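Letters A, B, C and D mark the chains as written, and numbering starts fresh at 1 in each.
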Amino acid sequence: MTDREASMSAPSPAALAGRIHVSPVQLILPAGVVILFTGFALADHRVMSSANLINILQQTSFLFLFAMAQTIVIIGRGFDLSLGPTASMVSVGSALAMAVLGTGHAGEPVIVLAGLAAGAVLGALVGVFNGSVVGFLRVTPFVVTLGSFNIATGIATTLSGGHPVQGMPELFFQLLSTGTMLGLPAPVVIAIAVGLVIHFVLRRTVFGRGLYLIGTNARAAEVAGVPIRLILMSAYILSSVLTALGAMILTARTGSGEPSIGGTLSLQSAAAAIVGGASFSGGSGSAGTALLGSLFIIVLSNGMNLVQISGYVQMIVLGVIVVAGVLLDRLRAQRS
Amino acid sequence: MTVEEADMRSSSRGDLRALSRWISAIGILPVLLTVLILGMCIIDPRFSGVANVTNILRNASVLAIVAFGQALVLIAGGFDLSVGAIVALASEIAAVTMRWAGTAFPEQDALIIALGVGAALGTGILVGLVNGICVAVLRISGFIATLGSMSVTLGIALIITNGIPVYGLPQSFITQFGRARWFEFPSAAYVAIAILLVLAFVQRRTVLGRYLYAIGGNSEAAIVSGISTRRYQIAAYVISGLLAAVTGLLLTALVGSGQASFGGDLMMLQSIAAAVIGGVSLHGGVGRFGMVALSAIFLSILSNALNLLRVDSRIQPIFIGVILICAVALDEIRRRRTVHD
Amino acid sequence: GDAKWYPFKMNDASADTVKVVDYSPVEKAEKRHKICVLFPHMKDSFWVAVAYGITEQSKALGVNMNLYEAGGYDNLPKQLSQFDDCVASGADAIVIGVISTVGVAKQVLAAKAKSIPVIAVTNSFISRDLTAGVFVDLKSMASASANALLASVKAGEAANVVTFPGPAGSGWAETMNKDFETVVANNPNVKTLSSKFGDTGVAVQLQLVQDALQAYPSMNYIWGTAPTAEAAIGALAEAGRSDVKIISTYENQAMLDALKRGDITAFTTQYPVIEGRVAIDQAVRILDKKPFIRLVQPIAGVIDKTTMGKMDMSTVLAPASWSPVYSVKQ
Amino acid sequence: MSEALVETSQMAKEEASEPILILRGITKRFQGITALRQVDFDVRAGEVHVLFGENGAGKSTLINIIAGTFQPDEGAYRFDGLHLSHLTPHRARGAGICAVFQEFSLAPNLTVVENLFLGREIRRGGILDLATMRRRASDLIEELGFDLELDRQVGMLSRAHQQMVEIAKALLGEPRILILDEPTASLTEREAGRLFELVAALKARGVGIIYVSHRMREIRALADRITVLRDGQLVRTLEAAGVQDADLVELMTGRKIDGLFPTFDHKPGRVAIEVQGLSAARGAVCDVDFVAHAGEITGIAGLVGCGKSELVRAIYGLEQIEHGEIRLHDVAQNTLSPRHSLRRGVVYFPANRATEGLALARVVRENASMSSLDVREIARLGLLDTRNERSLVQQAVDRLKLRPPNLERPAGRLSGGNRQKVMLARGLMRDLSVFLFDEPTVGIDVGAKREVYDFMGRLLQAGAAVVVVSSELPEVLALSNRLYVMHHGRIVTQLEGSEKTEQNVLASFFRSEANAATGAAS
């Protein structure tokens, strides 16, 4: 927030009422997810099959990770446009690291560890870059991440030469994709674990508290001695590391480092975050809202695929239902 | 203190302050732009060739027109993700209408073109209206509303033609408008300049302009001051839709066919980038159209320059990213210096 | 689909040595199988042509077909989800035009475990787990178009080529570009000045071509995607450069029209409609446990002024009046 | 005064006998709260009708209903003999109801002139008539005697200057009813004086004036009638003549409060803050020497824009320092930032609660513990101990008598005084020895003021150094042991004991004003 915005005159009570967030988590969206799901299940019995339930969970777990990454930044009144290309870059980078080590004599665990580390470091680097330019130079997050969007895209395509990178050890796939635990696929288990950690971090740490305060009123937080630069920096790093994790799970799912895997993830993750109930005006959103938004979008598109709504009609239905869902949510929030 | 005294005081501190204020009003962008242009002229004589300048101007104009609409919505405190989709749909609607009109009224090019242009502009206005109503009346956040309408609009555009280009435009539409040069300058530049002049006038001398700034700055204050904010918010989205449709028409006339590929994320991202680099605040209330035009030119020249300098096209994004951040960061630092003059 | 398209000369590449066969489909499927078809997108006449082949052959053989498109080449995760959705919805076989050559390998393996046959169509996909495939060898496409370019270079003429292979990071663009460069390297008069990667939209390509015209004044050959060619026609006309020749690496309706007008020199084709037809036929043969060829490759064809008249265009593109069908129910 | 104003005043005089505005049985509910319950209220032409009540009593709500910003849930509204329903701000302004809102109705990104005419632009043929608007604006500003530059962006102005813009904006219409909701909250005597003259002039021309203030002196000086609200209900409407302050306060709070200002027992001890030759905040503070001792209240007074806020902000680390030295407890400070200051036991309570003080959408608990997130009782190794946090905050707000004492309520849903208390609660959450208050009582009611003063008294007893910056002269005079007077960024006098009188403060302004004038002339 620039000084100019900080000195905006005080909001009237009416404005406050609008801004104070009646958490939509308890409201209509969960009901929307359930209604959608039941509707699809009635239309086609295969929606309820255990294979499809696992399928939904698995698809949700990817989007959930990215949506959480986006939510963290949005809570601090930012926006991460570079999320998608970062995912591409991490996918290629970690795959390359493993492929290169794989040609030597290193054991599988070492290779996988190196790959994971490479991915996490690449992600963290993007986070440090975004975080320091946003936190210290105070450039609008949109522009900063538009810049790193381009940079990461360039690096991803240059590193890979445009070709998918292969040659990862089997252990990598087991760990992040094919393995199961309690009957749940690895990505789902990881997503649940990470979701719980992020929930804890946002609710119970100084970092999380500070992030919400910064998102709500950065100037007030600064005056009250909250270390805003440090927290913003950490938020971008955490966000990018989550993105990197999601990207590596996707890499394990595809079996190759893909320079175009990030594609539309930036926008999709933002959509999931906002549909779930985070707001670009900052200070609201949580792991729960990210989950809700991801689930809503995945159930919708999975259902449409299964009941065989054709390609471009799906786009129209998706657009209308997302807007309608959010609208109903706001109406309920207003009335109570 | 009398008025004269006030005048005297301000003029006595005058000269120095006027200079610093002039620089602060103008910003870093024109400086960078000048450096870029001069540098390119020295390094590569082809840069200033007629054909190259025409290309740059044309690309910049097309980008500037969508960015103007985007800027207007941003100034009013909104967000328009649907511009790319509108460009695509308008292009297809124009082409489909002209193809149909071409069979219904053969040889009457003026009528055919008028129908096509009307249909395309109508499409833009309609989508803008839907966006505006969602945001202003139903109070859905601009991001979600236009994300939804983007999906719907693009879906319709693809259903109409399955993304297959639509041909059969009257030749005169292409040769005398799309690819035409009037007094050495591409037609698109005239359209962009006309729109810029109109918007600058709207911003300075009409209530519409003033109210959009007020709404973006503090919508509660605008309401309390007796402004019917809904009407003006809707107007912003409608104008943005209209300008996106104009862009669609220009591209259609340039390429000679209606294409769904005009839309998509690229156009949307670029329009926001051009607006924001031109100093439009994503939080509303701040921005000048002249600067948006400059920033569109800047972005166009940048990618043209990288191509002329034969930079590997896979590395180009890295350059663009770094330059973008530097430009805006420098501007931010300058602004912080001058805020408390 | 009235005209009988078979027998069609194609390569059988299942074994190490490629041999030419006359491909003919079965008459009718034994059961009304459910076939799931996955496309990267349906945003150009190329994929519409494949869809046309798939739809017509499904009707002809009497099978159910459902088609999903992922919305573009940058939507790999979506295609993976659609693959899973297909498996979940109980498809008997899956026909897939892959977004990434190896990106769906895991999914294919999973399908194999459930004994759902997977047939790759149009986009090259080499994998042990794949049941069957029909796609052209990108190398042969690249060399066909490279040879078309070489053929149009007059003796003693210096050919300066700028290539516009397609989006960076797509894999196929890079592959074709490399193969093209290897082939044209045989002729010392032909020089590749530069490669300009970019999305396959006309507006993007137009900007690239315009800039290339400035950056490389000596350029007299443009080799690139169909949208490149489409954009280049206008750009060249405007720049008054009638000396520049255009060769397109693949086919669409615009290329056909442009060739008729003489705006481009040649384009190559992999007979997308036939690919679609063969893919469905392969799926039916596999499900009916009939003999099938594991890997069928269309023989890349060059279409120029001389060959255009002799060719049955319904093997290359869908009829202009046809609009895509996302599901065929029997 | 503009011709239009004169015209309206003549019209108003003809019907002066009867109230021009009558409200009957007004009820207004907000999500679960009843802000107003069956309130009757009227305004006559040519009177000043004061609305009086505690924070959250419903004064602003009533005003918002009159101005058309809120729709009442029940009740009738007559203006000028006409029944009005579904009033909008637009129609209210058209009818001549003009308001100076407590939370300003200004667009921060527009200039002063643009804001003055917002929603009421003068147009010729659909095009803005910039020259006429400019002329009328500068006439009005001059008449008001405000020191405002027409082309400044409003967001860049201090709160006091924004207040002036808000006042001018309301007067620019042709008011028949003028509503002033705490118009002097951040003004000093001088600006307030000009405003009162103007109010008197408008009154003489038959404009009905509704006035809200927590400053007893103003009420005494201006009021013709006083309506007291308590908890959204009408307590009484009474004639102002002969009413005692104490009675009013009792009506308002339902209890007796003896004396507005407590008497403190100052025991100046060690030097806590020592400032030498400080120039800061881009010239707003110029070569200042300043000392504050533990155990005493040090006051800083001065006109709007004199740099008094900037001085304490510089000490806290919020302003850029050009040169000079700041010593805290005899240690020279070289890095100054809010974090460092808090660690060294210095806390600052900003004047503008909405922009710098509170994160309004967050709950009371989070706002109160905001500046103590590095304290071991609350967070260890970066992990919050929420149970401990809750009990510490609870203790703090209990001592300040927060109402309602609910820690999980968003701060934005509290009344002004209670918001102030939430902010002050920060001072009780960690070990602190220096307290810098900037306008500690802006916009809070008499009862809450008293609680804030008592809070200062307790700090004083505990041996803390307290610095109070205030534009309300009686307040700093009564509270402080020593008083610094600032003018144009410099300290012009230091008053102590019996020297500490209003006359002396005002005299010091004029002396330095005169000095400046002669200095400029020579």
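Basically, a contact is a pair of C-beta atoms (placed from the backbone, for glycine too) under 8 Å apart; a residue touches a chain by one contact, two chains touch by 3 or more.
According to UniProt, the chain labels map to these proteins: A, B = ABC transporter permease; D = Sugar ABC transporter ATP-binding protein.
Because the structure is predicted, anything quoted here is derived from the model rather than measured.
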item: A-B compared against B-C, more contacting pairs; value: A-B
item: Longest centre-to-centre distance from chain D, chain (CA-based); value: C
item: Between chain A and chain B, centroid-to-centroid distance (C-alpha), Å; value: 30
item: Length of the line joining the C-alpha centres of chain B and chain C, rounded to whole Å; value: 36
item: Whole-Å gap separating chain A and chain D, where each centre is the average of the chain's CA atoms; value: 43
item: Chain C-chain D separation of Cα centroids, rounded to whole Å; value: 72
item: In chain C, residues with contacts to at least two other chains; value: 42, 168-169, 197
item: Touching two or more other chains - residue numbers and ranges from chain A; value: 4-5, 8-9, 11-12, 14, 157, 162, 264, 311-312, 315
item: Contacts with two or more other chains, residues of chain B listed in rising order; value: 158, 217-218, 220-221, 223-224, 286, 314, 339-340
item: Contact footprint of chain C on chain A as seen in their complex; value: 44, 46, 49, 51-52, 55, 58-59, 62, 88, 156-157, 160-164, 166, 173, 177-178, 250, 252-256, 258-265, 298, 301-302, 305-306, 308, 310-312, 315
item: Parts of chain A lying in touch with chain B, wherever the complex brings them together; value: 1-5, 8-9, 11-12, 14-15, 81, 133, 137-140, 142-144, 146-155, 157-158, 162, 264, 267, 270-271, 274-275, 279-280, 311-316, 318-320, 322-323, 326-327, 330
item: Residues of chain A that touch chain D when the two form their complex; value: 4-14, 16-17, 19-21, 204-207, 209-210, 212-213, 216-217, 219-227, 283-284, 336
item: Touching residues on chain D, where the partner in the complex is chain B; value: 67, 69, 88-94, 101, 104-110, 114, 118-121, 123, 126-128, 130, 138, 142, 147, 149, 155-156, 281-282
item: Touching residues (chain side chain B, partner chain C) in the complex; value: 46-47, 49, 51-52, 55, 59, 158, 162-165, 167, 174, 179, 251, 254-257, 259-262, 264, 266, 303-304, 307-310, 313-314
